[in-house]
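Report on the structure given below.
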Amino acid sequence: MIVVMKERAARHLIETVIAKIEQLGLRSHVVEGTELTVVAALGEKRDGARQALETLEGVEKVVPILAPYKMASTEVKKQPTVVRARDLIVGGGHVGVIAGPCSVESREQLLLLARLVRDSGATGLRGGAFKPRTSPYSFRGMGESGLELLAEAREATGLAIVTEVMATEQVGLVAKYTDVMQIGARNMQNYPLLEAVGEAGKPVLLKRGPSATMDEFLLAAEYILKTGNPNVILCERGIRTFEDHVRFTLPLASVPYLKQKTHLPVLVDPSHGTGKANLVAPMARAAVAAGTDGLMVEIHPEPDRALSDGFQALTPDAYNRMVTECRQVAMVLGFKL
Amino acid sequence: MIVVMKERAARHLIETVIAKIEQLGLRSHVVEGTELTVVAALGEKRDGARQALETLEGVEKVVPILAPYKMASTEVKKQPTVVRARDLIVGGGHVGVIAGPCSVESREQLLLLARLVRDSGATGLRGGAFKPRTSPYSFRGMGESGLELLAEAREATGLAIVTEVMATEQVGLVAKYTDVMQIGARNMQNYPLLEAVGEAGKPVLLKRGPSATMDEFLLAAEYILKTGNPNVILCERGIRTFEDHVRFTLPLASVPYLKQKTHLPVLVDPSHGTGKANLVAPMARAAVAAGTDGLMVEIHPEPDRALSDGFQALTPDAYNRMVTECRQVAMVLGFKL
Amino acid sequence: MIVVMKERAARHLIETVIAKIEQLGLRSHVVEGTELTVVAALGEKRDGARQALETLEGVEKVVPILAPYKMASTEVKKQPTVVRARDLIVGGGHVGVIAGPCSVESREQLLLLARLVRDSGATGLRGGAFKPRTSPYSFRGMGESGLELLAEAREATGLAIVTEVMATEQVGLVAKYTDVMQIGARNMQNYPLLEAVGEAGKPVLLKRGPSATMDEFLLAAEYILKTGNPNVILCERGIRTFEDHVRFTLPLASVPYLKQKTHLPVLVDPSHGTGKANLVAPMARAAVAAGTDGLMVEIHPEPDRALSDGFQALTPDAYNRMVTECRQVAMVLGFKL
Amino acid sequence: MIVVMKERAARHLIETVIAKIEQLGLRSHVVEGTELTVVAALGEKRDGARQALETLEGVEKVVPILAPYKMASTEVKKQPTVVRARDLIVGGGHVGVIAGPCSVESREQLLLLARLVRDSGATGLRGGAFKPRTSPYSFRGMGESGLELLAEAREATGLAIVTEVMATEQVGLVAKYTDVMQIGARNMQNYPLLEAVGEAGKPVLLKRGPSATMDEFLLAAEYILKTGNPNVILCERGIRTFEDHVRFTLPLASVPYLKQKTHLPVLVDPSHGTGKANLVAPMARAAVAAGTDGLMVEIHPEPDRALSDGFQALTPDAYNRMVTECRQVAMVLGFKL
């Protein structure tokens, strides 16, 4: 940490900062500039040190130097983490494709889509059984019977199942059926839930919260990694900005940025990331070109009859065209999709 | 709902929209303009109707007309809701003041601050026993022993206790000790938790998520109201924007806006809402002038020794000055504080 | 426009709205719903009508139905506009590549880069002679002698010159030397400047302001189109959001969105759009995959010696790799680059 | 500046940084931490130094230490600047009130409002003669004849005139009529215009751009101050965020923040800052309570007939109530209004 003193800060205030740094078990190092003085605080990071210094008289600001996450960092593990669940491979040059309906609605719908997904060459099937909904008056999913249908679709197709878990008390139930546990964007900082899914031991797909910074996103992943579960997929699904022509702004620079900072694989969800079916395919292609390790896409046989989020679901035809184009982009850049 | 057709949409596409509206159990009404046609869909709102229409061919957009929340709306209940817990009164002309440390740290700290809070004329004591922390390496609170200290401080001072609950499995425990259950900003859309605290029956202080719109905020309140618990306090605590000189941007226009749209009382947290101790008092005064029903403020006897968020805590002296000024502003505008 | 009345609005307030609509020269059409009444206002759009209605008693809100821009709209002109300047072609399946230094710094630097750009197959040369700088203490460009060097570089290479004009009084001077006039992001809503460059008759590259909505962006283009100059290139260069790991958030969904709404070509600037050299190439590839009509990229022979924005400039080697990859992506998707 | 090296950066990379720092005419000071090395660069700030260092191999980031503005800083001038124009006083304990129509529309309208403003005790009259409008199809003001009417209103009432200037070529004309030159939010970074109004010598009211950071805002003021014109009023008028229930988010924490960082007075515009008439009065009161040095408010005799922005204009009655309340808040806090 670097403690920046106010200009012309009195000598005794600088001394107080030095004393506090040492009291915190850190070493201090004073650098006197032309206009102001900075004091470096050296040693292992200690929680609370920053704020203890920030609130001292005469201190202008405290600048952290090290990233706040550890286990997620490429400093700790250089080699990319590859997450596998059945034939789904995310990372290490593989662009894993997960597709399916927003919500599981019926046996017929799910099996139809699952076969379509398998035939397109994708290896993951998404589908919500427990749905977090902004309004308490909206359809909230089929619950356990939805999970049973997902398991049946896996039997029929071999696809890996990806489904959301919304509460610690559902973790055991969902883990019984799914291959990958999804944490939704609204729950990115639901820490008891992160720890519970971490402990369940299955791979976790962690969605970025719509106002989370990269550090916050990686610290959320760190909660899961700390339980000993190394299989975390980071999912960029759009952020909240002033833009009003899309549901969320999809910032694809997250992909190359994260791939420099973390060994965890990074997947993109262009369906939620745009909220409009006619923007999904171009953004899926763009995500592949930016180097994503995976895609998650919503499809529906008849989007206008979907019980949730039909406006962002692709029809089977549109989905197949999208996969073909994405595969071409991937191949030319040396990725497998 | 108003369905806006694309310019020059073919007649048969308009017919399809009409048919779909009727199939949804709504009545349709066509309005042909100079350049385009709109179709009104009349009747009780039905979840899913919007998206069913939005995805039809030839439809440019669907404009909702009614607010999505009901029980929280002034359309349903004109009279302001006043939330009471012991001597704490929030709403109906009363500006309830809640103050205390970010985290409960020790018996000594808490009792000292509790007496200070009571002597300032405030009637609520805040203090975290279970703390959601961005980093898994940060202090996460004293847990149940923190709750016991809060209860002891209540015995000593008569203050109403306000403390956060982070998980459904903690609801029973926290409810045993606290007077007001706080839902933190990170959990604003943790729906199982909203329902659990609603059912616990105690007043709930619901913090706005840092990227939540007003509709989303009120719909989160609606989850609690739907359980039959009418005592919800809305808490504006700042939003995430591009501003980098504050921790969050505190949008005080939320106060008069919410007071027009909902009967629920609106409280402001200028400590989290700015993240800087020297901005807290001016923003607390401003919140009162804007018509807030309450304030929640972090204080600490020695902010530089706080185990969490010391940089935004007021010292006892600064806090007392703030309360005096806020009281003056309140009185001149006809509010009780 | 659709005028939405408040619930239970009194009959006479609805009558007042109808009267005002007719007074404005529009036709009214009342639609009575179960819970509220809406009044459609039909006819040619008239400025001021919306607000005249919005401020009437009993009105909840006024919802515009038509896009506010006209000449930029695909409703008016279906065929894509292709902008040409020398060998630079932007639009109509051609991905025009413009590269060069942030600022023109010297004859030697510029000629070196111009040859590099030409050899890479690009057809546009960017370079600032007049630089808008956030701080008045920063280097503000070489002025006219920079323009002369750009003209010399054009002679030497045949590249089309793209350079910024910051003030109406510079328009004549800049037009004398450049092939494409660039309007910077800070000036997107500098209306006198938009009209002046429009009248100068040369193609205009209009950068999106960092907080402009799509409607505002297209209305800024409309200012230029209204002067009779049809050659406007829209440039997405990133928006301001809460993200702190990039200089700006680059929302590539703008590309497919704009291509649906306007016939004008859409170009992406991944250098300003990320502000970090190591994110430029992945985002350039992504922009091509999303369907961009052009790229504008900053390069520098020795980024650490650049007089402005060196941190986002590519080295010659990195630039050449980027062009190769972008060309591969373009080809596989059927675009020429 | 502090140059933070990457973890385990090779010794020769650190040497390169040191050499570059010295080549830039700065002194270097190496601090070796447990996990990484930082190098302080000491001496007068030099433009370009930061980026020259930021782009070197092995450098993780460069952290600036000093604020980028100088003349605007309280480090340079402790005493608050008080801006005066006729009886309008902004700063130094005086809350200057400026009110008037969005646009000057007619002699009758303007004189009516001017008398109302004077009678309320306000000392500034606002009114647009040249209006920047998002759409080229909107009313753009009366031009010079509007300025003549403003001058006439000044004759009749003694109020100081505040009006916007949009282009360098209008500066002379506007300066002839007005007492305070207003720079609109869209032009906050129109540097030729800032310099031109600075040189015109009259007080300048500088509006914050809707996506400007505080540093950018103060650097824009610095452009004016550098011309030798010390009379700059900073105007907070709202920022662009994801909030959709207001036109802009009005972040009142700007007021106390700016008052710590700069000696320049800070004024708040709650009309543009909310965009809704019924939010203006509460936010005006809040701004006073937060310590603003001035208010600028839009009024109109009949808001529904205004030629621009009627939806945010107060009626005369609402305006008078607002002034009375603001005066009460000001008095109790020791300000003159």
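Chains: A, B, C and D, in written order; residue numbering restarts at 1 for each.
In the analysis below, a contact is a pair of C-beta atoms (placed from the backbone, for glycine too) under 8 Å apart; a residue touches a chain by one contact, two chains touch by 3 or more.
Predicted, not measured: the structure shown is a model, and the values here were computed from it.
Between subunit B and subunit D, the least number of touch steps comes to 1.
Counting every residue number used by either copy at the subunit B-subunit C contact, over half are found in both chains. The distance from the centre of subunit B to the centre of subunit C, with each centre set as the mean of the Cα atoms, comes to 38 Å. Centre to centre, using the average C-alpha position, subunit A and subunit B are separated by 26 Å. Looking at subunit B, residues 211, 215, 240-242, 244 sit in touch with two or more other chains.
Residues of subunit D that touch subunit A in their complex: 2, 4, 7, 29, 31-36, 38, 40, 42-44, 63, 65-66, 75, 240-242, 244.
Of all residues in subunit B, only 20, 45, 47-48, 51-56, 68-70, 132-139, 166-169, 186-187, 189-193, 209-211, 215-216, 219, 222-223, 226, 240, 277, 303-311, 313 touch subunit A in the complex they form. For subunit C in complex with subunit A, the touching residues are 211, 213-215, 239, 241-246, 249-253, 255-257, 260, 273-274, 278-279, 282-283, 285-291, 325, 328-329, 331-333.
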